[in-house]
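Per-chain residue numbering starts at 1, and chain names A, B, C and D are given in the order in which the chains are listed.
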Amino acid sequence: MMEELFMLAALCVLLSVAGALYRAWRGPGRADRMMSAQLIGSGGGGVAVLIAAARREPAILDVALVLALLAAFAAIAFVKTITRDGAGDPEADTEDGR
Amino acid sequence: MSLAFDLALCILILGAAALAVFGRDLFGSIVFFIVYGVLIALAWITLGAVDVSLAEAAIGAGVTGVLLIGAWQGIRDGGGGEPEAPTPWPLHLAAGGAAAALCGVISFAVLSLPGHDGLAGEVPENQGALELGNPVTGVLLGFRAYDTLLETLVLTAALAAVWSLTPSQFWGGIPGPNHVKPPDGVLASFGRMLPPRGLIVAVYLVWAGADAPGGAFQAGTVLAAVWILIVLAGLRDEPRLSRLPLRALIILGPLVFLGVGLIGMLLGAPLSYPEGQAKPVILVIEYALTLSIAATLALLIAGPARRR
Amino acid sequence: MEALTDRSVLYALTGAGLIALGFYGFIVRRALIHRLIAFNVIGSGIFLLFGGAAYFGGGVDPVPQALIITGIVVALALTAFAAALGVRLAQDGDEDDDSDDDAEGGP
Amino acid sequence: MSVVELITAALLAIGVFFYFAGTVGILRFPDVHSRLHALTKADNLGLMAIVIAAGLHFGDGWIAGKLALIWLLALFAAGMAAQLVARAALSPEHNA
């Protein structure tokens, strides 16, 4: 019973996260695409937690842990690309950071 | 319910792959590829292959994205970002036909596979000698350890190949751009706060790897990712590639691995573990490999030296 | 053990689809990044085919799992090498890198 | 169905609702910053509900700790990334 419920929730989260694929496809900006990837990364972590609960297999939680840890990595690599040569401080007001 | 989830996941995987390969926007393709990595990691979970899922989550969803974004920027800044020439339609037709045929043949092969039990029964049966609870680690560092040994050598060779692209005047210099070191800000505090937690996760993964999913590859990738974040945040610069300790770290894992094999040769059988001592020896190899894999992956992502 | 389970066939067929998709894209697309992505899609399609075929109800056979982990890491190493090659090519096509002190690009 | 199971089910429903809300936000909101705002809040609330539901289901202290760690890491990473991406979206270059 609970197993089915957890899998149903996993399916729902997966489908809702899939909606973000549309935003990643349409853009228009790179920031839009990047944050869609971010949403799918964290949603993937949620799905992993749900499957772990459905199967009562705590080892799967480690996957969610790694996904949560690395979800932001691509976003950080992305924000660095707006500065020249990817070397600048993306938060600087004087550089082309804004 | 489970089957509905599997079906939805497979459709999403195919969709994300199609968008990644055929998208018009290069950056959008990279984003879809990162998404694809996350979905593939979920597929490995539903298949019950948590070890593979961990590796895919760390590599596909994490490190490869950073690598591709770096390459995208490097090619764009280098002036190689001109729009691609359209492919002639006969090529489309031929490639499409070949791909469809490939898909058909493989599908036919899959559907005509006989049922099997594989080696899943035999691995745990023979696991006793290794005293490891995780059958995948048992295969990686026990039954097929020579595969893993050669694989670490492949990683080292790939690093040598990347380094061979260094312009001569920068040889042995520092890879990557000279990141500005922001005194404070969101990125800097992120770079300070995430690495200790990432370090704990990595140590946990290699520690758990003997008896639960995890191991040298997963932990090494997480460590490499943590280092990349520190560099991106500008907190530390990449090391000079000619430094001896760095190079020693890169070959530490393969050397320990080979050393154990040679000691085995002196004791009788080449490339074998000493009788009754398998587990401690495997753990030593695992820890050494984690460090070497982390260093090699981080330097592979950093690319050839470009500063003195 | 009798026949393959539904899940096994489903993922193996998805793997077959990914291989075909990646193969088609690898030939048709011209940009290096697209080709790298297509190459990786072929790779993970093969892994999924392999893993799906080795699925037997309770999980995937540990021997293919170990081989797949090895394969994933090797694919990353080769992708990194191809990316470094592409960046170097883009730089050299544009300007003479060896005379430039402040070389640009690089992952 | 026990009380704990009822609470778990309710939490799952809440989690799924917030994920859907985040997706509706990312699809319907007119500009990049409001989309970003919708995404980070809804997402983390959804994950929180799911994590608590899973914790109740497992009913184990250590696992609950790991689940809390997952949520905190995700919260932290998403917040930082949202801040940085929001700033990047202001740059004229990112739409190029």
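Note that in this section a contact is a pair of C-beta atoms (placed from the backbone, for glycine too) under 8 Å apart; a residue touches a chain by one contact, two chains touch by 3 or more.
This one's a predicted model, so the numbers in the text were calculated from it and none came from an experiment.
J.: If you average the Cα atoms per chain, which one ends up farthest from chain B?
T.: D
J.: B-D or B-C: which has the larger count of contacting C-beta pairs?
T.: Between B-C and B-D, contacts are more numerous in B-C.
J.: Using CA atom averages as chain centres, what separation in Å is found between chain B and chain D?
T.: Their C-alpha centroids are separated by 27 Å.
J.: Taking the mean of the C-alpha atoms as each chain's centre, how many Å separate chain B from chain C?
T.: 11
J.: Measure off the straight-line distance from the CA centroid of chain A to the CA centroid of chain B, and report it in whole Å.
T.: Each chain reduced to its C-alpha mean, chain A and chain B end up 19 Å apart.
J.: Quick check on chain D: which residues sit in contact with 2+ other chains?
T.: As it turns out, chain D has residues touching two or more other chains at 73, 77, 80, 84.
J.: Can you pull out the residues of chain B that are in contact with at least two other chains?
T.: 2, 46, 63, 70, 72-73, 77, 177, 186-187, 190, 194, 197
J.: Mind pulling the residue numbers of chain A that touch at least two other chains?
T.: Those would be 30, 34, 36, 65, 69, 71-72, 76, 78-79, 85, 90-91.
J.: Using the touch rule from the top of the page, what pairs of chains touch, sorted by label?
T.: Pairs satisfying the touch definition: A-B, A-D, B-C, B-D.
J.: Please name which positions on chain D make contact with chain A in the complex.
T.: 1, 5, 8-9, 12-13, 15-16, 19-20, 22-24, 26-27, 32, 35-36, 39, 43-44, 46-47, 50-51, 53-54, 57-58, 60, 63, 66-67, 69-71, 73-74, 77-78, 80-82, 84-95
J.: If we count contacts the way the header does, which residues on chain B are in touch with chain C in the complex?
T.: Interface residues on the chain B side: 2-3, 6-7, 10, 13-14, 17-18, 20-22, 26, 29-30, 33, 36, 40, 43-44, 46-49, 51-52, 55-56, 59-60, 63-64, 67-68, 70-81, 84-85, 87, 91-92, 95-96, 98-100, 102-103, 106-107, 110-111, 113, 115-120, 123, 135-136, 138-140, 143-144, 147-148, 151, 154-155, 158-159, 161-162, 165, 167-170, 175-177, 215, 217, 221, 293, 296-297, 300-304, 306.
J.: Note which residues of chain B are touching chain A in the complex, please.
T.: 1-2, 4-5, 8-9, 12, 15-16, 19, 23, 25, 27-28, 31-32, 34-35, 38-39, 41-42, 45-46, 50, 53-54, 57-58, 61-63, 65-66, 69-70, 72-73, 77, 177-180, 182, 185-187, 190, 194, 197-198, 201, 204-205, 208, 212-214, 218, 222, 225, 228-229, 232-234
J.: Quick one: which bits of chain A touch chain D in the complex? Just the residue numbers, please.
T.: My answer: residues 1-2, 5-6, 9, 12-13, 16-17, 19-20, 22-23, 28-32, 34-36, 38-39, 42-43, 45-46, 49-50, 52-53, 56, 58, 61, 64-65, 68-69, 71-72, 75-76, 78-79, 82, 90-91, 96-98.
J.: State the interface residues of chain D toward chain B in the complex, per the touch definition above.
T.: Within the complex, chain D touches chain B at residues 73, 76-77, 80, 83-84.
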